[in-house]
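Input: a single structure, listed below in structure tokens.
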Amino acid sequence: MAETLPGTGGRGHGLDLAMRGIVKRFPGVLANDHVDFDVRRGEIHTLLGENGAGKSTLMKILYGLYRPDAGEIRIDGEPVQIDSPRRAIELGIGMIHQHFMLVPTLTVAENVALGLASPKGPLLDLAPVARRIEELSEAYGLRVDPGAMVWQLSVGEQQRVEIIKALYRDAELLALDEPTAVLTPQEVEDLFVTLRAMAAEGHSLIFISHKLHEVLDISDRITVLRNGRLVGTVSSADATKAGLARMMVGREVVLEQVRAPVEVGPPRLEIFDVRARGDRGTEAVRGVSLQVRAGEILAIAGVSGNGQRELAEVVAGLREATGGRVLIDGSDVTGADPGQRRALGLAYIPEERMRDGAIGQFTVAENLMLHDFDRPPFARHGFLDFAEIERHCRRLVADFDVKTPSLDTTMKSLSGGNIQKAILARELSANPKVLVASQPTRGVDIGATEYIHRRLLDQRARGTATLLISEDLDEILALADRIAVMYEGEVMDVVDRADADVGRLGLLMAGVRDSGT
Amino acid sequence: MGEFFTSAVLVSTVASGLRLSTSYLFAAVGETFGQRSGVLNLGVDGIMLLGAFGAYYTVLNGGGLWLGMVVAITVGLVMGLAMAFTSVTLQAEQGISGIGFYLFGLGLSDLLFQKLVGTPLPIRGFPELRIPFLADLPVVGEMLFSHSIVVYAAFLLVPVAAFVLNRTTLGLKIRSVGENPEAADTLGVSVAGVRYLTVMTGSALAGLGGAALATELGIFQQNLTAGQGFIAVALVYFGAWRPVGVMAGSLLYGLVASVVLQLKTLGIIPRSASELAAMLPAVLTILALVVAVQRERQPAALTKPYERGA
Amino acid sequence: MRKLIVVVAALALVAAACGGAGDEAGGGEGAAEQPFRIAVVAPSAINDLAFSQSIYDGLVAIQEEMGGPTKVELAVTDGTFVVEDAAAAIRDYAAQGYDLVIAHGSQYGTSLQEIAPDFPDVSFAWGTAGDTFGLPNVFAYEAASNQGGYVMGVMAAALSESGVVGIIGPIEVGDAKLYVDGFAAGVKAQDPTVDVTINYTGSFSDVALAAEAARAAIGAGADVLTGTAQMVVGAVGVAQEEGVLWFGTQADQTQLAPEIVVASQVYHWEVVLRDMIDLIQQGTLGGEAYVIDLANGGEEIAFNPGFDLPADVKQLGQDTIQGIIDGSIVVPAGG
């Protein structure tokens, strides 16, 4: 990188990218199997696929983090070898990784200047960097303070820093890996404005997401990958949600479950003015009061890190409440351990499913029996009844559509969706009175998501009171009867599903209370 | 106690503290570079010993003090290269491999000493360099400005190191690699390259610290450093990975040691408490470490090897 | 993980090969008569011009006296400041059937007490100490280092013009304490008005601290210094630089600083070693506790021939030696 003030001259905006016949093998996996993918100048092109479909691998190859086993990359028709991120940057390729590549202890300007030559030779000179950052902020609507420390920034601001980093390096093609996953709906809108402005200038953009409405909203073209293979490329104008879902999964998918009206019963879960500390000792839940009735799904919406996880753990008995009371089916369980709560009819689907929900080294059967192995009919006088256990597990695996080679397979060798279905099977088999479900479909493929949603609605129909915690507004709108929005440990408001729209929820998630209504 | 607060005693106590701090300071500032880039080098003491022997042997054989310093730096660079290869390229567990390097340096320096020298013979170190004008000032002149050149060099190293870390593009790379090597890698910074550079620089400074010790004392002996390199590693934590903080720690350690020596010499500390008092520098440092250490300032990637795409 | 283990193992091997260098000195070559085999384990280097060198010099003297390597075979493991390493070496030598295994360090006592009963046919010697644990195959030996210290203290007081004498010690135990107390007593006996500053640095190995202790003593006015244990080499250097006088002990330290070393107390352990070997050859493997002193020739004051010592002071020193030998002067034994 010889130029000292990037973005001020040289190449015009945009480039034509063509990836042809890309193959990448990992031990036991063919991550990319002869994938073709191309992006034109001024185009926003979405890469769509389930987890493990090969999107990230393809992008890491483009950015020089992996070397392909076969295939060719052409830029503006010329074959190129991209053997390092440095080479990718030289070619005008920028990447916004799903996990931000920022150094939290440095300022915005330092993060941007990292790795670039300075006009003062070996000495750092951040003043021109800050000026250029302000110019870019202006031009693309990316508000950020060049002197701020990165750890002080919100997630949305950090993302802007990432985009500025790429623009500062004259990126003509920018790939964004799941950029909307961590944003509020308003922040998503802002991001889309920026992306459209960039595309209008001729930048080439690769957008990765699995939220179909966003994909349809922002893309010019959409390329779908499945199991490492190219399924096809379609124009956004010709695509529908159902059609894209079918391409991703390989079969018909019911995207919107039918929420039949259900008679609501008495309160099963009651939370009064609950307070709790987060992992770092700061107050994470600040006086939350909620009530969930039998046959009702109450969803908690909010940007991650606003106290939802801590609240769920307080209800499940995994985190101590520093104030307030929790009642399950009328009994005060504030000081009770998880086992006592379970006996009262609580079931819990944790957010970190491999850490809190299952034991990876144990078999599927053992995981299914984690709670019940020591009581009849599975154990009598301290002896396990293996025949009964096996009968029970076979029924659960069949009922909940857990795809496993056998009951003796270790849990960790299953896919994310099947692990989640197994946990669901264990938790729902006792027909709980109260269910706490934290991020039940995060990282789960569309097919399994569809199934999990159906089971949660079934449980609602059977009279379970469900506390659903999700960062996915689509999921919340599909399942919830009422929606509580959490911001900085407090409930901003509780909204009926019928009155909820994305705009209003987004404002609440950003901490803005209703002024008019 | 009044005897202690005479200007002559104070002057000699502070001057003694500065001298005692010198070798720690070289080693600890060097170690700061490595740790800021994410590499913990626990082999410092062994590298100091090899540097000390290299300088001593060179001077003993008429090579001169400056050549002795060059030899110590070279020995440090070679050891640093080996340490970097082990911890960066082979990605060995840094604490354990560091202890290996320490034992290697301890053993090899002693072996070479026994085979090449045998009976310890004295050498002459750098002469006292009185800074013109400043050395003639009352009290502080004698205290601060009439030392050998290695003492000045150690303290001058501190602003230089702070400048490199905070004001240069290289420093920015070092800090980034120590906090988030993946981010640095995606911006085209060579994580391994930066770490090799810092570990080798740090080891060269450790070698220099050993050389400072040997030439100031005018002697070499088995285990001459007596664990100074380990204290230096602790001082990096104490100084919250900032050169100025590291200097503060080195000074504290050196000054407490010199005050204790002085109080014992004057008979203010009774002989019955002598051994307890001798532990004071170490005890104080540990206490200060526990009380003052700013864990949040620890480089996030310290001791973590980096592998692309992992 | 494998990579790590290989690296660490390789380094440890190299370090071990370098550190615990067990030198086989001598060794009979086809002699019809079996040589007498002696092994010594010492905490610091055998050329430390101090504690460890004293025993090695004594062994070499005995070897020559008895007819060279064909008659006496010597094996040395030095630098074992880690007691566990020393214990392993002691056990190895005993298992190899050495006639006499010397554990030269008071810190090795506990190990020796465990090892000696396992090898009833091997004779052990423990120094410097006065206790044989009541074991039939253990000798003990120590030096009345307070005697030499006293003699040199008398001379130091006579030489001091400033009226301050400085003493630097490691830790207040054993041989070091005995010497320091003797030296201080000698100074006071010659001139009660002379101040003695005593500084135990707390370490046998910290050369830098010993050097600064010497500077502190000089700063407090001392113009004559002494010190004991292997870390004093740093203090000798300071004395030379500052032009103050030095008295050495445990070995002749003249070569460290020929201009300012007045005299050194030298140990001749061969005096007691000779007796031990006689007893062993007669079948008595231990039980005796030896002390070397000025009277039995185990201690000697070695004057630096290059130092221009005033004749009256030298005479004073020799009179004091004579007085201790004939009993007219009684040196306090610490306290």
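Think of it as A, B and C in the order they're written, each chain with its own count starting at 1.
Note that in this section contacts are C-beta pairs under 8 Å (C-beta built on N, C-alpha and C of every residue); 3 or more make two chains touch, one makes a residue touch a chain.
Please read all numbers here as calculations on a predicted model, not as lab measurements.
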{"item": "Contact-richer chain pair (by C-beta pairs counted) among B-C and A-B", "value": "B-C"}
{"item": "Chain nearest the global centroid, as defined over all protein CA atoms shown", "value": "B"}
{"item": "For chain A paired with chain C, centre-to-centre distance based on mean C-alpha positions, whole Å", "value": "73"}
{"item": "Gap in Å, rounded to a whole number, between the CA centres of chain C and chain B", "value": "32"}
{"item": "Centre distance in Å when chain A and chain B are each reduced to the mean of their C-alpha atoms", "value": "47"}
{"item": "Touch list for chain A against partner chain B, complex", "value": "1, 60, 63, 65-66, 84-86, 89, 95, 97, 100-106, 110-111, 113-118, 122-124, 165"}
{"item": "Chain B residues within the chain C interface of the complex", "value": "8-9, 12-13, 16, 19-20, 23, 86, 90-93, 96-97, 100-101, 103-104, 106-108, 110-111, 113-114, 118-122, 213, 216-219, 221-224, 226, 228, 257-258, 261-262, 264-267, 271, 274-275, 277-279"}
{"item": "Chain B contact footprint on chain C (complex, rising order)", "value": "3-4, 7-8, 11-12, 14-19, 21, 44-45, 47-49, 79, 81, 166, 171-172, 197-203, 205-209, 211-213, 215-217, 219-220, 230-231, 233-234, 236-237, 240-241, 255-257"}
{"item": "For the chain B and chain A complex, residues of the former touching the latter", "value": "166-173, 175-176, 179-180, 182-189, 300, 308-309"}
